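After this come two complexes, each holding chain A, first together with chain B and then together with chain C.
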Partner chain A sequence: MNAKLTSTLDARLLALADDELILAHRDSEWTGHAPMLEEDIALANLAQDELGHATLWYDILCDLRGQPDEHADQLVYFRDAADWRNAQLLELPIGDWAFTMLRQFLFDQFEWVLLPTLTKSSHVAVAQAAAKVLREEIYHTRHSTAWVRRLGQGTAESHRRMQAALDAQWPLASQLFTPMPGDAALVAAGIWPDMTPLHQQWRAKVSDMLAECDLIAPASLANHDSRANHTQHLAALLADMQSVARLDPQADW
Partner chain B sequence: MTQTTDITLKLAEFEARIARGEKIEPGDWMPDDYRKQLIRMISQHAHSEIVGMLPEGNYITRAPSLRRKMVLIAKVQDEAGHGQYLYHAAETLGISRDELEQALLAGKAKYSSIFNYPTLNWADIGMIGWLVDGAAIKNQTMLAHCSYGPYSRAMVRICAEETFHQRQGKEMIVKYAQGTPNQRQMTQDSLNRWWWPVLMMFGPHDSDSPNSEVLIRWGVKTQSNDTVRQLFLDEVVPELMAIGLQIPDPQLRYDAESKHWKHGPIDWAHFWQVVKGNGPMNKERLATRNQAHDNGAWVRDAVTAYAERK
Partner chain C sequence: MLTQKEVWQALEQVKDPEIPVINIVEMGIVRDVVIDGAAVTVTMTPTFSGCPALNVMRDDILAQLRTLGVAQPSVNITNAPAWSSDWITPEARAKLNAFGLAPPAIHGGDVNVILFDMPHCPRCGSADVTLKNSFGTTLCRAMYVCNQCREPFEQFKGI
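Right, the complex of A and B next:
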């Protein structure tokens, strides 16, 4: 792989790993505070899965950079907000249950269109990781889809809360598909899919569900900010997440 | 036959079954007091798992490595699972999970006082795993032999998972006690705060434990509070000393004659204050549970409404 391809794949892997890590972190905040005991268990499970996926992608990234696997901890605990590449949607605070479930649904659907194409990647490690993640995503998709239905079609209040969550999240969700410099070469090498048709597939799938629940996607402009741009919530999240590790950077925790 | 002699006969048969080592199952005849005691113990245990999610959950967002974060989420998830499992065990005695949860939220039900202490540093997560779960395992290993089938079976399963919890906690403390000065200081501070509350987890001394005698006769408990506390002490004292930690009890000594470690006096006045709701975190724990419940009300309503429509 030439240097240009390597650096573009690096950026793609980092974006995906950061997405999973930040979502895992947000989901884990529900543990002990969910609306019912079964969902304490479910969200803890989701968080562990997403954390596992993040670790998989970070490990491939570390291999690509010729660094040992332990470097994943360095990336997570000693990197400042400006260097993170997760989509803004994922760093927003957990909000209410509707907010969390809708975000999970939008992200699960993103993975649901992305992963099958990644399993065919010419980069073997990426293809294998995608296959592994896809197996777990079946359950995530089932869980978040069921919740969008229940809340979207439950009571007037649950519908109102879902609509509010959608109004806030819809413009940000597009950022998941924002093209990155050098994408064309990765697509040509069969390493990463073209995100534009995936975005259309995603929109079609998501729109069907929204229609079923009588939820209306706002007409507001899609956010195509670079993934280098963040809300103020990311720095706060990182300050908390990295606080113990940074107490004693030399220590083995 | 009069009703009184009927009950006397049933009670005699019930006690004979327990003496033979048989398990009592949900449909079987049992004295009202046995049922009440079991509901009290199982609900207290279930609530302890639920409230017990909070002190450790407090550090989920701050776990200092990907591995620690994963293990901690899994551990707190196990506790939710144990709570769920124990609520089911209590339901076999004719009380609903809803009634049990309402009693907890209203502040009427007890849970282990150990969860009314705050987690103030990361070493607390290891200390809870090693000492708190370690103490719980001592109690639960005993309860795995108890006479009520569903509780006994729940304990077998829960003990297996708790053993992992204890092992990961101990691994952390052993590492940190021999780590950087910062880690060592954090670990000693943690032991200083948790040591006495952990010893109190086994309950009052046998001489002050009003429920113990009948519970032992009915095979609900099979060992006394002091016996189990002694087992724990003899196990952990040498291990804590071996890694260079100072146990915060100036009167702690090894008694060569009995071959047991002897602790100094426990501050029972403090213990009862915490039991009565005046510990450092009682109000906050209850408020947090109530907040989660209240915030979830519209969600549960939506679930019901959706289910009714389908």
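Right, the complex of A and C next:
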């Protein structure tokens, strides 16, 4: 693989791994606080799954970089906010239950359109990881879809909360599909899919669900900020998540 | 000189710490054994990618190999091909059921079977069961209740 392809794949893998990791952390914040025991367990499972998926992508990234000292823990615990490449949608605080479930739904649907194409990647490790993750995502999409339907079609209050969550999240969700410099070469090499048609597929699937629930996607402009830009919430999340590891960087876990 | 059979038999002593009634061979997570003089390399694959039992099983495999007298034991972890619950042997399925953990349906990759085939209650055998939660006490379990004997039970999830 030439240097340009390698650097773009590096950026794509880092973005996906960071998305999964930050969502895992937000989901884990519900542990002990979810509105009912079953959901407490479900969110802990979702968090653990996303953490497993993040690890798969970080491992491929570290292999690609080929620096023996670099590994997933280091990337997660010793990088500052400016170096993270997750989409802003995933770093927002957990909000209420509607906010959490809608975010999970929008991200699960993103993975649901991305992963089947990644299983056909010409990069063997990427294709293999995608096949593994896709199977586990079956349970995620069922869960978040059921909750969006339940809250969207539930009471006036649950519908109002879903609409409020949608108003806040919809513009940010576009960032999941924002093109990156060098994408065309990755697409041509069959390594990563073109995100533009995937965005259309995603919008069609999500829109069907929103229509079922009488939820209106806001007309506001899509957010195509660079993934290098973050809200203030990411730094606060990292301060919490990284504090123990940074107390003793040499500790053997 | 160790034989393949001796190594595989030793690996049958290693259990999944989250499901202590079945061993890692009958779960289908041991993929390969290579014996090269004093070195023995076992290739294994995780069930769910975030499974926290993976490192415990890896360490248990290394300990078993050392017990066999292997001077250079090693464990190689692979994600491909992705583990499928279809690889759990019929004997292990019976053990799971006796343990109270309903085995997953054989799905051959069919998402509809994975999501909609209901297990039988491991206690009374009834097919009249209700899914309470796709997620359970470990990544690989879902929670059900039996409408016949009214007992809750868990299922090993199909993937």
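As a convention for this text, the second predicted complex is superposed on the first by the 249 of 253 C-alpha atoms of A that agree within 3 Å, B and C clash if a C-alpha of one lies under 4 Å from a C-alpha of the other, contacts with A are read in each partner's own complex, and residues count from 1 in each chain.
Everything that follows uses one rule, which is that a contact is a pair of C-beta atoms (placed from the backbone, for glycine too) under 8 Å apart; a residue touches a chain by one contact, two chains touch by 3 or more.
Predicted model only: the values in this text are computed from it and were never measured.
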Chain B versus chain C as contact partner of A:76, first or second or both or neither: first
Chain B or chain C, by number of chain A residues touched: B
First (chain B), second (chain C), both or neither touched by A:41: both
A:53 touches, of chain B and chain C: first, second, both or neither? second
First, second, both or neither for A:168, with chain B first and chain C second: neither
First (chain B), second (chain C), both or neither touched by A:94: neither
Partner chain in contact with A:128 - chain B first, chain C second, else both or neither: second
Partner chain(s) touched by A:138 [first = chain B, second = chain C, both, neither]: second
On chain A, the residue positions that both chain B and chain C contact, one per complex: 38, 41, 44-45, 48, 51-52, 55
Footprint of chain A on chain C - complex, ascending: 46, 48-52, 79-84, 111, 114-115, 132-137, 139, 143, 157, 159
Chain A-facing residues of chain B, complex: 50, 53-54, 57, 59-66, 68-70, 73-74, 76-77, 80-81, 83-84, 87, 122, 175, 179-180, 182-183, 288, 291-292, 295-303, 305-306, 309
Residues of chain A that touch chain B when the two form their complex: 25, 28-29, 31-38, 40-41, 44-45, 47-48, 51-52, 54-55, 58, 72-73, 76-77, 96-97, 149-151, 153-155, 157-158, 161, 237, 240-241, 243-245, 247-248, 250-253
Partner chain C, residues of chain A touching it in the complex: 38, 41-42, 44-46, 48-53, 55-56, 124, 128-129, 131-133, 135-136, 138-139, 142-143
